[in-house]
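Shared chain: subunit A. Partners: subunit B in the first complex, subunit C in the second.
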Partner chain A sequence: MSAVFSTSSWLENIFDITSSVFQPPWLQAFRTQQFKKFRERGLPTMQEERWKYTPVSYLERTNFSLPIISNKWPKNCLEENLNSIILLVFNNGHFSEEMSDLHLLPPEVILSPLSAALQAHEHLVKPYLLQQLDGQRHPFMYLNSAFLNEGIFLQIPKNCVIPYPIHFLFLNINQSYFMASPRNIIVAHENSQVKIIEEHRAYQAENYFINVVTELYTNSNARVDYYKLQREHLTSTHIANINVHQKQNSCVNTFLVDFGSRLAREDLTINLYERRATCHMKGLYLLRHDDQHIDNHIYVDHAAENCTSSVLYKGILDKKSQAVFNSKVYAHVEAKKTHAQQTNHNLLLSSSAEVNTKPELEIYTDDVTCLHGATVGQVNAEALFYLRARGIEKEAALKLLAHAFITDVIEKIEDSAMKNYIQRQVSHYAGL
Partner chain B sequence: MLIIKNLHASIRDEKQKTKKILCGIDLHVKSGEVHAIMGPNGSGKSTLANILAGQKEYEVTQGEAWLDGKNLMDLEPESRAAAGLFLAFQYPVEIPGVNNMYFLKAAVNSVRKHRQLPPLDAMDFLTLIKNKMKEMEMDEKFLSRAVNEGFSGGEKKCNEILQMLMLEPKLAILDETDSGLDIDALQRVAKGVNSLRDFKRSIVVVTHYQRLLNYIVPDVVHVMMKGKIIKSGGKELALELEEKGYGWLGSTE
Partner chain C sequence: MTNQYLKQIVNKNYQYGFVTAIESDTFAPGLSEEVIHHISKLKNEPEFMLQWRLRAYQYWLTLSPPRWAHVNFPNIDYQNIIYYSAPRVKKDGPASLEEVDPKLLETYKKLGIPLHEQGRLAGVAVDAVFDSVSVATTFKAKLAEAGVIFCSFSEAVQEYPALVEKYLGTVVPYRDNFFAALNSAVFSDGSFVYIPKGVRCPMELSTYFRINAANTGQFERTLIIADADSHVSYLEGCTAPMRDENQLHAAVVELVALENAEIKYSTVQNWYPGDEEGRGGIYNFVTKRGACRGKHAKISWTQIETGSAITWKYPSVILQGDDSIGEFYSVALTNHHQQADTGTKMIHIGKNTRSTIISKGISAGFGQNTYRGLVRVLPQALYARNYTQCESLLLSATCGAHTFPYIEVKNPTSQIEHEAYTSKIGADQLFYCRQRGLSIEDAISMIVNGFCKRVFNELPMEFAVEAQKLLEVSLEGSVG
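Let's look at the complex of A and B:
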């Protein structure tokens, strides 16, 4: 199956096109090598444990082209944004300077589109780009490396606290059947702090394929809050790898909200390399359409002592939709005094919706405190009746109860502007 | 106002065995009247109230129920509420995550929409609810809490009455609203109910105790046993029951 994809002529063709664009020779060589590796590895198949519920073979039969910047900016596309932000806007994968707004950026911070960073700071960017990502596990990362041409490079120097959130806004506009492969690199140096929101939206774009990789390096004592909002078009495919690398005492909070795409896959991989690193992961997935499929895979690698991780994800599924949730905590021999918690709750609004949930632990040390649990349930019939008996229409009552189901997770967002933003998006676009 | 004719209802348990709960209820409540329904535990009082409110868990096998000329069995629970029926539940359910104020506003405006009234805006709603809360001597803090979550038994009952005052029903059914209330709360509940009382509204009070009926004086008292109304009388029947219990009625069939 995957052999077909690897030799797909459209893929070869667009690879040749991307290769003809000017780039440093080392990058050209790296991309060629990654492309070769991807072809050898092939797309994941449903025979692979990590992909057994998530079929991606249709990608091989689709002729994706390369994205072209659109001159049809949707009206009001920035209107609903947060106030006081540092904003980077992408148009079909291409950076748009005119729509971006960096005036609040502290001067000591490097924040630029990847292509520009490659020109201005080649020595800085190169080592991060040349990192060997685990493409055997996640072949889409090979594919991303092979096609990468744009994305974000953000470097926050020591002791720098960025007071405003940074918004990476990926807009897909008025084009169909394209593949974009953004690569985002975020480096937070010692004792720095930043809040980031990565958002993907669509305006009259359909059937496209986003394959994004976000790398987050958090050095000692740094704190990164990373939010992601995925509201791609309902015919699109969104595959994301988010890799977090944490040093001593660092703290990362992630919050992923997925309600777009026909098929979305989020792989969140946390590496706790040094002691007392902390990572709290929260997420929501809201599926409202027939044949919509959202898959969250989390892997937390506890490699040092005294690290803490927690996972709290909630999902709401309606119609004939399907969700997958899989989180795994792996504690090495060295990872003494590990605290790990994994929770996943699901609410099914329809009898044809389906969820496969599995929190897992693999532990090679004693002296760990690990908790995990998962539930799948339906709306509380008594509560529904109570609301209806007070005159609230059934549909509205169901919405109220569905919203009630996730509200505690949203309430946990510390930053109130961010909380309101996410709440608004959830109400408006997921109808809750 | 409310006419119930020969109502039979049953429930199916986990083993799909049918259990008969209501065995031919007849009840006629006229506009402006207050009726009390008394009777031992398990006689079917709550079942009757829930069926009227639209609980579909029960199967109505025979009979009918009309509210103001509308066949209740044709209506969804929300339409019954809009048509003016209100049930103060015996056990109000806790709904974590649903804000009490948001809920009340949604309920009031949904019912207003059905009744072809414009929705209350945030300010008008707030003024109204604060007034009603004052009447019920409820702390405004309850508004920011989740519906009934962590409320004491008495607070839940007061919250039911608050909802009733906000929704202004034509027919209010109070299912053991008095149980678990201290005497002050009981008086407040009674005051709330009486404030709603007029010649166009009817009230059905399900209770075990004469106590509440001292404040909400009934026009008719019914005794329900084993799914049937076996005796009806004036307000003095409640006193008689309080004195003698239900045992003496056992053989009246």
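Let's look at the complex of A and C:
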């Protein structure tokens, strides 16, 4: 297995500091237990199948500290946001009330930072926090549990439809070498609907490490649209686990866009527990810098009949970057009439870029239709010639073709405000 | 209702399960340096072979059995296996077919192998391997005329040691994996083929493998070298008696194709698959690999895998030469409690290299069928091209079909496509056939055959018919 995390590491020190902050005793005990488990499990190594292409050992050698609120707000940090939204802003992992805007929130909805929710609604939050996450598979979830103190708690009651998107904005400002471990919990009760966008940005922050876990519970007939925009600094590490739990007739749409970080890893786990649940996952990964590494791992667990899932991810790789895509559909014996689809397309723009893709199927029942497809290729020479023949410069032509390559995924976003926002971000920060 | 028919079709019995009562020289079970010395001495091998075997054995001792494949089986006790068993023959070995034990010939006759030269009409040259040693090779004279060397491995070691030393272990080194190391240490025989420059082998070459003795492991090694501008088509078939205990078969096949050469390697693997409860059967842990060393070389693997309790096999192609081509066509069927973890590796190194992978998996009963493949494109492999298609057909609610394709691309000029599909026989397809007056049985057999057609088309004629029949036999009683 993997090496045990060395006891003398920086980790021990910062864990002691967080333990001295007051928290309910059950949480203290839970965190200590999770910390112990993480130490026993250790960081995953490249010998492990699921981590074959992901080098994370440098994390152990880096001295991360705990994040501190920055009082220097970047001037324009909220300017480019969506209009009419419910906004929660985090400053280096700490909630900032002054910058947040909750006036559009329907009164029956509970939306608050996790620390406040722990005080106001302890009985509500506790069962969700005490969930045993599969840290053997993904040790960073143990680590996140060990440092549990902040994040978001969102609970939408029955039959409630929130008309405005909710924006979780995690800003990393003016601090380097810190580790933040936000935990977001979203509970959508029967017949409710919500649109969420989680965004991570950096302003003069470098070499930091974000280890985020987002838990999404959708009860029957609920619908959740979850968007994520990862725009971390190019020296940072971003490790995210998104765990989705779906009940009967529920519908979840996810859309992940990654273009930041030196190393980013998104683990999206979908559990379809009850029949007729559907989940549609889309994503883009745009790598434009040397030594950039972005991983996308998807695991769809079909445990009930008549469930549908689809995956559509596209990636563009330039310079000496490396991307990994791995998705797996697991259909249990009970999962009759499963319909699952996985598609992954990659466009390589440079001769030193590398992509490793592995769409997997593991099927234990017969009445299913499961398909997957993956391609890796370059810009079509004919299309390039066509554009050049019309006087368009090579650079611009390549950009145009790369843009065309990902546009169909962005076009699939139903909410037009969200579509424009993501389109704008992609063109501005990924240059497409 | 459909289930019943499927069951009938799938559950047909294994017809090669007989045992031949024949005198044989057999070692005591167990593996040690002594055993290896003994094998080497029996075979009268030159020193380099012995040293190579010993190195492989030393390396094997440092390894532990691989566990990553999607198969379950109890730990194998490697000290409880007989590493050498040979039909007892006169000291110098058979000079012609007349000297071969008639019982052996009868066995091969039962299996339908045209060992006697009266089988000339079939036009297939056969090298038959019984337990651990090669018993007879037909059509030697005719092949020699064309300059083709086709003989047992032991003979090759005696007569062409230079060729053996030059190529042995260059495609599958003994350090490759656990079973390759074991095979390198103890392999007792196999086939050797050398096609000289510019020669098109005048007939299909074929090896027939038969495990007869109980408790033995079969470790054979095949080495095929196609020199520049040559062409060869090679067939391999296998059967074993029905026994309640599992037997190990760990073979190594190495193919070398030089400039403009083409090797076509077809396998119909029908080792005893175990009974309905999953007792007995062969563990088929095979390492097969080909290297396209020269420009425009081509290696094509075709396999029909219907037998074995467990199949663990990844015929691969290393596309080293520019413009070389690798192909992999496979039908793997798992029924009852059979497990298969099979697929291919295509390593693109040269420019303009192309590879095609067509894999069809059929699972019935409690069978678990896994496709595991790797397509790797290295940075220097400009304009590499791969097309992969793997499809799985599910015939029962208790079986499983899995797909684990690895695609690793380090070159932007390459074009890689992969698609996979898993489903059961469509109700509408069945309805369509039934509506046109076909019985359910015929309809299913037609659909399954249609499903495999693309692979069967790649087989040499005689084999295609056999494969089709074999599939029907293996499926009997499972279609549902």
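Everything that follows uses one rule, which is that the second predicted complex is superposed on the first by the 425 of 432 C-alpha atoms of A that agree within 3 Å, B and C clash if a C-alpha of one lies under 4 Å from a C-alpha of the other, contacts with A are read in each partner's own complex, and residues count from 1 in each chain.
By definition in this document, a contact is a pair of C-beta atoms (placed from the backbone, for glycine too) under 8 Å apart; a residue touches a chain by one contact, two chains touch by 3 or more.
Note that the coordinates shown come from a computational prediction; the quantities given were computed from them, not determined experimentally.
Enquirer: So, A:354: does it touch subunit B (first), subunit C (second), both, or neither?
Expert: After superposing on A, A:354 lies in contact with subunit C but is clear of subunit B.
Enquirer: Contact-wise, after the overlay, does A:20 reach subunit B, subunit C, both or neither (first, second, both, neither)?
Expert: In the superposition, A:20 touches no partner, neither subunit B nor subunit C.
Enquirer: On the superposed three-chain arrangement, identify whether subunit B or subunit C touches more subunit A residues.
Expert: Partner with more touched residues of subunit A: C.
Enquirer: Taking the superposition as given, does A:408 touch the first partner, subunit B, the second, subunit C, both, or neither?
Expert: So A:408 only meets subunit B here.
Enquirer: Applying the document's definition of touch, where does A:71 land relative to subunit B and subunit C: first, second, both, or neither?
Expert: A:71: touches no partner chain.
Enquirer: Where does A:363 make contact in the superposed view: on subunit B (first), on subunit C (second), on both, or on neither?
Expert: second
Enquirer: Scan A:83 for contacts with subunit B and subunit C and give back first, second, both or neither.
Expert: Neither: A:83 stays clear of subunit B and subunit C.
Enquirer: Could you tell me if A:400 is touching subunit B, subunit C, both of them or neither one (first, second, both, neither)?
Expert: After superposing on A, A:400 lies in contact with subunit B but is clear of subunit C.
Enquirer: Over in the complex, which subunit C residues touch subunit A? Could you list them?
Expert: 68, 377, 379, 392, 394-424
Enquirer: Enumerate the contact residues on subunit A facing subunit B in the complex.
Expert: Per the stated touch rule, the residues are 380-383, 385-394, 396-397, 400-401, 403-408.
Enquirer: Show me the residue ranges of subunit B that touch subunit A in the complex, using the header's touch definition.
Expert: Answer in residue numbers: 53-55, 57, 76-78, 80-82, 87, 89, 92-93, 95-98, 102-103, 106-108, 110-111, 114, 146-147, 163, 167.
Enquirer: For a test of understanding, state which residues of subunit A touch subunit C in their complex under the given definition.
Expert: Residue list for subunit A touching subunit C: 49, 333, 346, 348-378.
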